[in-house]
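In the two complexes below, chain A is the common chain; its partner is chain B in one and chain C in the other.
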Partner chain A sequence: MVTAMDGSSMSSSADGLVNLEMDSQRTLYPYVTGSSVLGIKYKDGILLASDTGGSYGSTLRFKGIERIKVIGKHSLLGASGEISDFQEILKYLDELILYDNMWDDGNSLGPKEVHNYLTRVMYNRRNKFDPLWNSLVLAGVKNGKKHLGVVTMLGVHYEDNHVSTGFGNHLAVPILRKEWREDLTFEEAVKILEKCLTVLLYRDRSSINKFQIAKITEEGATIYPPYSLKTFWEFAAFKEPSKNAQGSW
Partner chain B sequence: MEAVKQGSAAIGLRSTSHVVLATVNKTSSELSSHQKKVFKIDDHIGVAIAGLTADGRVLSRYMRNECINHSFVYENPLPVGRLVVRLADKAQVCTQRSWKRPYGVGLLVSGMDELGAHLYYNCPSGNYFEYQAFAIGSRSQAAKTYLERRFESYDKYSGEELIKDALFAIKETLQGEVLTSKVCTVAIVGVGEPFHIVDQKKIQEMIDAMEVTGEAVAEDEQGDDYSTRGATSMES
Partner chain C sequence: MEDMNLNAPHSMGTTIIGVTYAGGVILGADSRTSTGMYVANRASDKITQLDDNIYLCRSGSAADTQIISDYVRYFLHQHTIQQGQPATVKVASNLIRLLSYQNKSMLQAGMIVGGWDKHEGGQIYSIPLGGTILKQPFAIGGSGSSYLYGFFDQAWKEEMTKEEAESLVVKAVSLAIARDGASGGVVRTVTINADGVTRKFYPGDSLPLWHDEVVAHNSFLDILAGSSSPEPMST
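Up next is the complex of A and B:
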């Protein structure tokens, strides 16, 4: 093990002389990032929602990034955080699903297995101080059982009836906690999500007004085309902001 | 393959909800205990072996490892079909390398997974087959004949009924020797029932019940079997 001057440790390789490249393999900060992802269970399955923006620091550089993808037959994966790491994860999962299909034996990887696999991947990368800088939302339905879970870049993982990542944790979770019920219809679930997305649009500076909703049920997955939400900026408090704004918010 | 035929009998039967394994415990002498022939691989999979027990132990360890690794990564039990393929591939390697010898043990793999109940037979050649019911080991032909007559109705059997039939089949292989719970080991796995070896007392009760109701094995079989009754201490 070699320890560099800034205290970072490099992993030992078979040939100890050639580890000049080691340090640059660590992720230090994310570059192109996606904002929140929301997930909600409803009667027939699960809905995921996210905006389609990719920020480059404070610039909203990319406006058409699909951050929710279909995995295999039974699952959807949504990600916030570093987009290139998300693409890397999609490659890993692609390989996983491919090998699973090659067995050709009637068994298939369900959402629970994919969730756990991702947890292992994320946790192991974190232990190497080279994390995949994402918060992932994994949703799926298999044999009637709905599964909705999150894995973070540290390897923290949990499941719930409704989840969100990033700013959603602060802004959307209170709304979801108040309004979620067992047996929501598709339309009701969409309305709740749109409410959360609107709040995020108003208050999260890295979100844009272009969203995608994806649905997964026992029958399969659908990713709906992007659309935008109506916003209202004519609040009296917004006019003459320095006069009307009270407090630092 | 010969080693499998000389080991003492192992039998498996399957319904849509349960799988039962039963083995005959042969002791090399009156003084010794019998060798272990039934191994729990995971909560949902168990095996019965016939042949070189040492090889069986090693393969069981391999299977347990595979199951545990899968459970760790995917938090779901390993599908039985995938386990037997890995086992078969491992056995096949030994048939194609000149410096290796094949594993001298046949395995009856019983398990439950999402697709239902399974019973597989893995042989030393690397082949594997799925069965409704099967018997391996010495004098297994008698059991097989018995099973062939009855297997068509097994799908709907409950766990208890399967165990009863397994005991009958074991009785066939004993060819006249008295069937007691000391002589056999029975294990079961099923829906909501993790793999476990059935308690000796319960087996003895079922054997006694078999005799009392006079469910004599009226079927007359001429078991054309292997007359080899002797076995080296390696095999059981």
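Up next is the complex of A and C:
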């Protein structure tokens, strides 16, 4: 493989054919990654939750990363996946919100518009084989209407009453599907999220015990300070694994 | 012995560290640059100046980090002229991030930026592979850092004195050198605060001995001369 100064490269395979490859910029694989983000609609608005970890392969390298941010006046954005790409997306959104404010016309971008913008960004990058390696959760409330949606690195996008990314798709979604109801109170919604966060802590290797909950309502956005959850280990079978059989896995 | 692969790209296996303390920052690094299994430079300087008050710890590909630091030094110099005042640590770190992020498919560079400016005091920014930027009270990087996560979890404290912070950094690099084949040589530190910049140099023999390491001598003959029988080998 020979790489020229302009980034283009050529390689020849065993049968002698030459393959010209234009490698402008491609995220080939992620380096520093965040794990699941959870979102749930409740009576007054929407709650998002995530842990504050940034993994570097299998190492739990960074433990204080805020993966949920406020966007404009009406939205929250949570991200899993490559943190450098998330930081870049935040810069794109800064620019978007800035231009929106410059109009100075009393109107402001709502969550639906931001979700649509992100969908276009992610899908167009996917088409160039140069994805932003993230799964995004966009939540917001404007004029009484709640919006909760997901955009993935492939450009897949959807909305629902409760959403999850990464491992959360497998572990949290079944819990959310069973326990979600219309008009949950703030306390009920937090309890459901914490149930999901605990399961992810037990069963997702890339999760850490340091979480952030964020709330968005018509009044505004709040990102609460990080906190940890207790875990339960006092099952008899855990304490005496060999009681009923030789050894234990 | 297997082929030493003397044409492998120069890579700094490396241990790099940056810590903040009560008045500024301390940057530390080992000094080994390897080409495959061969040590191409045993006394390299991995702590590079970007500006009077801002330094960069480099790990990964030697070529990549050298060219990145050259570009950023050049941009920062222009920026200082245009602004009419010294560049901030945040600006220098973001320039490193931009080059790292925008060329992520081609670069192998893990870097730590440390410096002092009058707006925010001492700051450390970590910029690992991929171009993520994170401001941290302390940062570790390079292959040797794997051995230091547990050490820092236990030994790190906020608001240390300059002396405490310096000895923490030297101890840490020395521990990493003990276990990481890709780190070695001397320990270099750079201290940056309101009063300026100080470079220190700790040669191998001045470092503490860790598990299963023994005291250095000029010759076995000195040991023989010093006692009636040679030191017995322990099992």
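Assume the second predicted complex is superposed on the first by the 215 of 249 C-alpha atoms of A that agree within 3 Å, B and C clash if a C-alpha of one lies under 4 Å from a C-alpha of the other, contacts with A are read in each partner's own complex, and residues count from 1 in each chain.
One rule holds for everything that comes next: a residue touches a chain if its C-beta (ideal position, glycine included) is under 8 Å from a C-beta of that chain, and two chains touch if they have at least 3 such contacts.
As the structure is a prediction and not an experimental result, all values here were calculated from the model.
Contact with neither chain B nor chain C is seen for A:D204 once the two complexes are overlaid on the shared chain. Touch criterion met: A:D105 reaches chain B, while chain C stays clear of it. Look at A:Y117: by the touch rule set out above, it reaches chain B but stays clear of chain C. Once the two complexes are overlaid on the shared chain, A:Y31 sits against chain C while remaining clear of chain B. In the superposed pair of complexes, A:D44 makes contact with neither chain B nor chain C. More chain A residues lie in contact with C than with the other chain of the pair chain B and chain C.
By the touch criterion stated above, A:S84 is placed in contact with chain C alone, chain B being left untouched.
Comparing which residues of chain A touch chain B with which touch chain C, the overlap is empty.
Within the complex formed with chain A, the chain B residues making contact are 72-76, 79, 81-82, 85, 113-115.
Contacts from chain A toward chain C in the complex involve residues 3, 7, 23, 25-28, 30-32, 54, 56, 59, 61-62, 64-65, 82-84, 87-88.
Interface of chain A with chain B (complex): residues 103, 105-107, 109-110, 112-113, 115-117, 120, 143. By the touch criterion given at the top, residues 101-106, 126, 128-134, 136, 146, 149 of chain C touch chain A in their complex.
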